[in-house]
Structure formats: structure tokens, C-alpha cells
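In what follows, structures are represented as C-alpha cells.
Both complexes shown next keep chain A, but they swap its partner, so chain B is in the first and chain C is in the second.
So, the complex of A and B:
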């Protein structure tokens, strides 16, 4: 799993690669920590190379969405692979997080 | 039957998942493997974390094929726990109102055709059942 965050003022472009599972869910949460505290942030996460997420990864996405709302920001997930998108659909996460 | 006993289970989550995913019963379909891996991971992690006070107990993991269905079973002698009694999360709630936990078992139930729990002879046994399409059906 690899997270790359490119920041330009309030805009955050994030590239998320690999698998989020039990072995690295804590690391994932730690790495996106800066996004959880940013105010008025405009966050785009490119999920093209994200291959898998367990419920622990989903948890972190929900925490991020909650903090983005609380900080008056915007979050969008883009280019998600169909298999991963299905997990977001099944859990209702597609309704609470913008996926494009 | 493809089966192995892991003891103690502390820190062995990834090893148990890999053992099951390399079973000869596992379908070739990448899509099915994705779903099965996710379901297995949710169960294994629950057992490794919560079944025993200190992770010193065992987990028996096995797979078998039965009438076109793969059955993946887990048995432990930890405290009795029926994950199916857990209430499903309300997936219609807004992000603000949703709680961050309780997704693992729900996902597992959604991804499998059925999930069966039994407590017998002092053991929790949980079986995941998923239909494996034949090549022609795919």
C-alpha cells in the first residue's frame, strides 16, 4: 500500500496504490492523517491502483468523510476499480462518499 | 478435506488467510477469489483478535467442495461468540450518523451465499458457503 499526497493550497490530490488490509490499515490511517485535519480542503483520491480494501480500510474512509464534513471540505474518490467499487456499494459507502 | 490447525493464533492472521486462499478448492475466478478473500479476512481477524484473551488458543481452518459450493470453516475453543447475532449496520444513514465499526461481519454475509454459526462441544464453528460457478456459467 502506498499513499502519495500532493498539496497545492487547499487542493489535495492523493494517489492510493495497492491493498488496504489488516496488516496496513493503521499505516493507511496514519498516512492520511493530514487530510483529516485540513480545513476547507478539496480532496481528490485517485483509486485507480487501489486493488483491495477490507472493512478496516472502509472504516478509515468513513472517518475521513466525517472529518471532511466537519472541516467544511470536499472529498471525491475517482477511477475506482469495479471490484472495489462493489464493496463501497454493498456497504452503502457509495451513498455517503462521492465516487466518480 | 483441506485443513490445518493453527496454534497459537496470535499474529497469524495473514498466514491463515494465505493458507485458505491457496486451497485447491479455491476457484480460478479472480472475482470470486477477491470476494472470498475479503470474507475470510474479516472472520480470521475477528477470531485472532477476540476469541482468546491472549491469542494463545487455536483455530482450525478448512475448506471443502460440496455440490458446486465451496465451504470454508473455522473452529476455535475461545469464548462463545455468534457473529451473526450482531445487528447489521444501517446503510441508509448519512456519513455523520454512521458508526465506523461493525462492517466486517456484514460484508462477509453480503459476499457469501450463506454463513452458518454453531456452538458445539465447547467450540465456535463458523462456515462460509459460496457457490462456485462452472466455467460455462461465467
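So, the complex of A and C:
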């Protein structure tokens, strides 16, 4: 799992690679944390190279979504692979998180 | 020795002893060499002094004889034609010179008309009585004698080789002869003086710088003149003696002496090593003093013996002292070693040896004490950690028991329905759950999976299960049931935990089923004809995410003989060693293999076995829950 965050003013472009599972879910949350405090942030997460997420990873996405709403920002997940999208669909998370 | 070599003090002492011994041997050798050299020089000087004094003494005597004889030649010249007076002259010479025992004036042939031989001769016998006679005749042809021919031909004075006078009582004699010349320079007679060398013996015998010294006086051709060297007294010539005795060094000494050198050399004398000092006399003879080495170096031997004795005693004393001092100094090491062994055996409060010095031993003591304290601290911490861990483990075991009893294990089997479920957590406690509530002909059931694992998931699972158990008994519509459970879970959910839940309500009389999927995996419906399919149902949001979310329910009528196969993602995402997942397709294949006669329990067990067979030795990474509801025909 690898997280790269590029920031330009309020615009955050995040590149997410690999698997988010039990072994690295805490690390993923830790790396994402800066985005949870940003105000009016416009966050785009590129999930092209993301292979899988466990329920703990979903929890982190949920926390991020909630904090973005609280901070009056915007969150978008893009280029998501179908098998990952399916996880978001099944759990209903695609209803509360914008996936393009 | 084995014990000695293992003792540090003994080893150090032996090392010191060996090194000191090497130094001592070096020192003794050096002292010995230089004292030997000094004594040799001293001996040379000593012998040379004695030798030159004696040589001077002998020279003086010989010169006196030479001058006496020289003085006579003028008297002879004046009276050379008075044959009677010539006898008187020889008589006078013999009487007035104690060393001269015979005196002759040997005229050349025909000096006196019709006299072939004419040689007036006077001599002393052993009693000192002087007689005279004419020496030459046919029997004693003095013209062929050495004393005559050499002086005549060389026209110079000549000392003959010493010889034993056979007539006059075995006396060692030598003859000094000088040629007498007229105004024309022609030799007309040879004047001779026979000298008794008895006096030489006493002088030579007095040459004794050392008790066992031997003296030697040689002529110019190596002949023995006098001395105390026994072999030469017998053989009479040094070169002959060298050959006869097979003693080359004696020959070398002879060569050096006869060539008139002054010096020293070592030779073998009477089988002993000896030290020879030699020097020339003015008449072409040479004298030597031969002293045994053991006499010359007698003091050095004794001195060396004393030095060696003192050294050995000193070394022994040093060894004993060194051994005891080092043993005393290293005593704490032995004690530390015992203490360390005690600690290694687990006696962490063993006594640390006392050290009174302020040296490296003190440092060792301090380090040891520090180590002991650290070890004690570490051990007590370890004990605490271990007991804490044991407590946690025991608490987790209890928690697992509690959790396992939270889910029902009494499964209903009736002619209308057969339900069976199995929950296997990946860790001691897990976040999966299943539950069911039966109210008459109504069966409420649920299967769920909390995000994450372990204790947090287990706590959230307990909350979910309690909410379902309580609300399920209220016979609400499914959507209302789900909404209330969700609201209850959202209340105080600061950690953003969530649970995916599939819940259903079957009326056993009608076969109607109302169901709602809150973000859970799709269930498998196995039709009465054995054909399985995934029930793709409207996916609502997982529970605990947003309070007040409106859940949508669906409805279906279950035919007799159909089954529902519910599971958590622990089944479809079970991984083998190659990281391949069990997957939905494999699950569908399994569902096809379910026989119509299998009980719900058999279906669950077979699926669990199928998953285990797939994962093999790989560790179970997620909780696995399987539930089967069969509607008998």
C-alpha cells in the first residue's frame, strides 16, 4: 500500500496504490489523517492502482467523508477498479461517497 | 601442570620467569664475555711482562758473554804468533767468566807452519778445575764443526744450537763463536766460548705467572733450549714434536716463535686447552709461556658460578613472589566467576564480591553490580509483563466464551424450517455475528460483519447482536427494524465503526420472506431443483454510518425445498498460501454440489470443510460465519 498526497492550495490530489488490509489499515488511516483536518478541501483520490480494501479501509474512507462534510469540503474517488467498486457498492458506501 | 596452566597467576609468573631468565642469561653471557676478554688481556700483559723481563735478563747475560769474548779478540790478535801465550789466554777467559766453561782459539789450517790443526783450548770441569789442551786432530776435525764453518763462512759471530756435552757430565751447552780477522780482513782463527746453560734453566723455570704454567725456550730453528714443557724436553724440537704428538697448533706456535713474532695464541697442551704467550730474544731464540686456560680463567669460572647461583635463587624467589602477588590481585576474578555462575543459575541476588582497591577490579565490581541491578529490574519487569499478558489472555479467553454464547447454539429443526449457523473468529474474539429470533411462525434472522477485528469489533458486534435480539422480538417491519438498529448503533459511535448486516423475516406458513441488506455480501439462494444463484438485492448502507438512514426492504416467496446460504466475507475472501481467494464463483460451485437430502448442519460443515481445504496451511485472516436456512418440502 502506498499513499502519495500532492497539495495545491485547497486542492489535494491523492494517489492510492496497492491493497488496504488488516496489516496496513492503521497506516492508511495515519497517512490520510492530514486530509481530515483540512478546511474547504477539494480532495481527489486516484484509485487506479488500488487493488483491494478491507472493512477497516472502508471505515477510514467513511471517517474522511464525514470530516470533509464537517469541514465544508469535497471528496471524489476516481478511476476505481471494478472489483474495488463492488466493495463500495455492496456496503452501500458508493451511496455516501462520490465515486467517478 | 594442567592445573598450573589453567591458573592465570601461574601462567603470568611462568611468563615473567621465562622472560627474566632470558634477560639473566643475556646479562651473564655479556658479563662473562667481557670479563673473559679482560682477563685474557690481563693474562697476556702479565705473561708478556714476565717474558720480556726474562728475555731482557737472558739478553743481558748473553751480551755480557758476547762482550767478554769480543774483548779477548784483541789480546789474541796481539799474541797470535805466540802459541804458548795463546793457551794462557784461553785459561784466563775460562777462569774469569763463570758462564764460560770452555774457550778455544781455532786457527785456520796451516796458520802455523806444518801444523794442520792448531787450537789451544781451556775448560772447567764440574769441580771448577781448569785444564788446557790442543783440540784439533784427525779424530776431531774442527774445520767441519758447525761452530767453525758458520762463523768462518758468514764472517759474523754465531750462537750454535744448544747441545749436551757428552764429555763433561751431561751439561746443556751452547757455543758462541766469532771470526778473528787480520789487517787485510782475512779470517785467521775462530774464537769460541762454550757456555753452560744451566743458569738458563733457573731463569726459565722462574717463568710462572700461573701455578701450572710451563716455559719454553727455542732456538731459531725450533730446537729446544730450555723449559719445563715435558714433551719438548723429550723430543727436543717443536716441529718434530708437533708431528709426533699430532698437535698442529704446536707447529703453528713453533712457526710464530721461530719467525721472531711477539704475541698470544691458544694451543692444546697435555690434552688441555692452554694459552700461550711468546716473544723473541736478541740472539734469535724465542721464549714462550704456556698456561692452562682453567688456571688463567679460574676466577671467571667461580664468578660465573656465583652469578648463576644468585640468579637462580633470585628467579625462584621472584617466581614465588610473583605467583602469590598475582594470585592475590586476581582473587576477585575467581570470586566474580563464581558469582556470575550463580547468577546464570538464576540466583539474581547472589553476593557480589567485595573489592577494596580502586583499580580495574573496582570497575569490574561496579559493572557487575550494575548488571545485577539491571537484571533484577528486567526480570521483575518481565514477570509483570508476563503476568499482565497472562491476565489479558485469560480475559480474552473469557471474552471468547462470552461471545460464543452470545450467538445462539440451539438450532431449531422442525418440519417447517431447519436453521444452522457456525461462527469461527480469526482471533480469540471477532466481529462476525449471526442471530435469530423465532416468534410462532415468524423467524427473524440476521448475519453481519463488523469492520475490523479483535476486541473493538467484538464490542460493536455485541452491541449489534443485542440491538437485533431486542428489536427483533418487537415484530416490526424489516425496514423499521433495520432503521432502529442503525440508529441505535449510530448513537455514540465516535470511532466510526460500522457493521454490514443482512436481516430477514420469514413467515413459515406462507413462505414469504421480507429481507433487507445493509451493505452485506449477497446471499445464495438454492432453489428446490438444486440450482443456486446469488440474490442481487438492493444494497442499503452499512449500519452505524448515518443515523436516520431509511432502509429499503424487499419481499420474496420461498418455495418448499429451497435453501438460503448466508455467509460473511471470511468465506469468499479466504486466502490460500498463493494469496488466491476462495471467491464467489467457487462458492457457487459448492452450492451446486449441495445434495437435496443434506441437513442445514451438513451444508454448513461441508462449506467450512471446502474453505479449509482451499486455504490449506494458510492462516485464517478473517472471521468466518456461515448460516443455512432450509425450507423442507
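As a convention for this text, the second predicted complex is superposed on the first by the 100 of 100 C-alpha atoms of A that agree within 3 Å, B and C clash if a C-alpha of one lies under 4 Å from a C-alpha of the other, contacts with A are read in each partner's own complex, and residues count from 1 in each chain.
Quick note on the criterion: contacts are C-beta pairs under 8 Å (C-beta built on N, C-alpha and C of every residue); 3 or more make two chains touch, one makes a residue touch a chain.
Note that this is a predicted model, so its numbers are computed, not measured.
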Is A:63 touching the first partner chain B, the second partner chain C, both, or neither of them? both
Would you sort A:85 into first (chain B), second (chain C), both or neither based on which partner it touches? neither
Between chain B and chain C, which makes contact with more of the residues in chain A? B
Answer with first, second, both or neither: which of chain B and chain C does A:96 touch in the superposed model? both
Chain B and chain C footprints on chain A meet at residues 21-22, 55-56, 58-59, 62-63, 66, 90-92, 95-96
Under the definition above, what is the set of chain A residues touching chain C in their complex? 21-22, 25, 55-56, 58-59, 62-63, 66, 89-93, 95-96
Chain A contacts chain B in the complex at 21-23, 52, 54-56, 58-59, 62-63, 65-66, 69, 83, 87, 90-92, 95-97
If you look only at chain B, which of its residues touch chain A in the complex? 13-14, 31, 34, 37-38, 41-42, 45, 89, 91-96, 98, 100-101, 103-104, 106-107, 110-111
In the complex, chain C residues that touch chain A: 449-453, 496-498, 500, 518-522, 539-542, 545-546, 569, 621-622
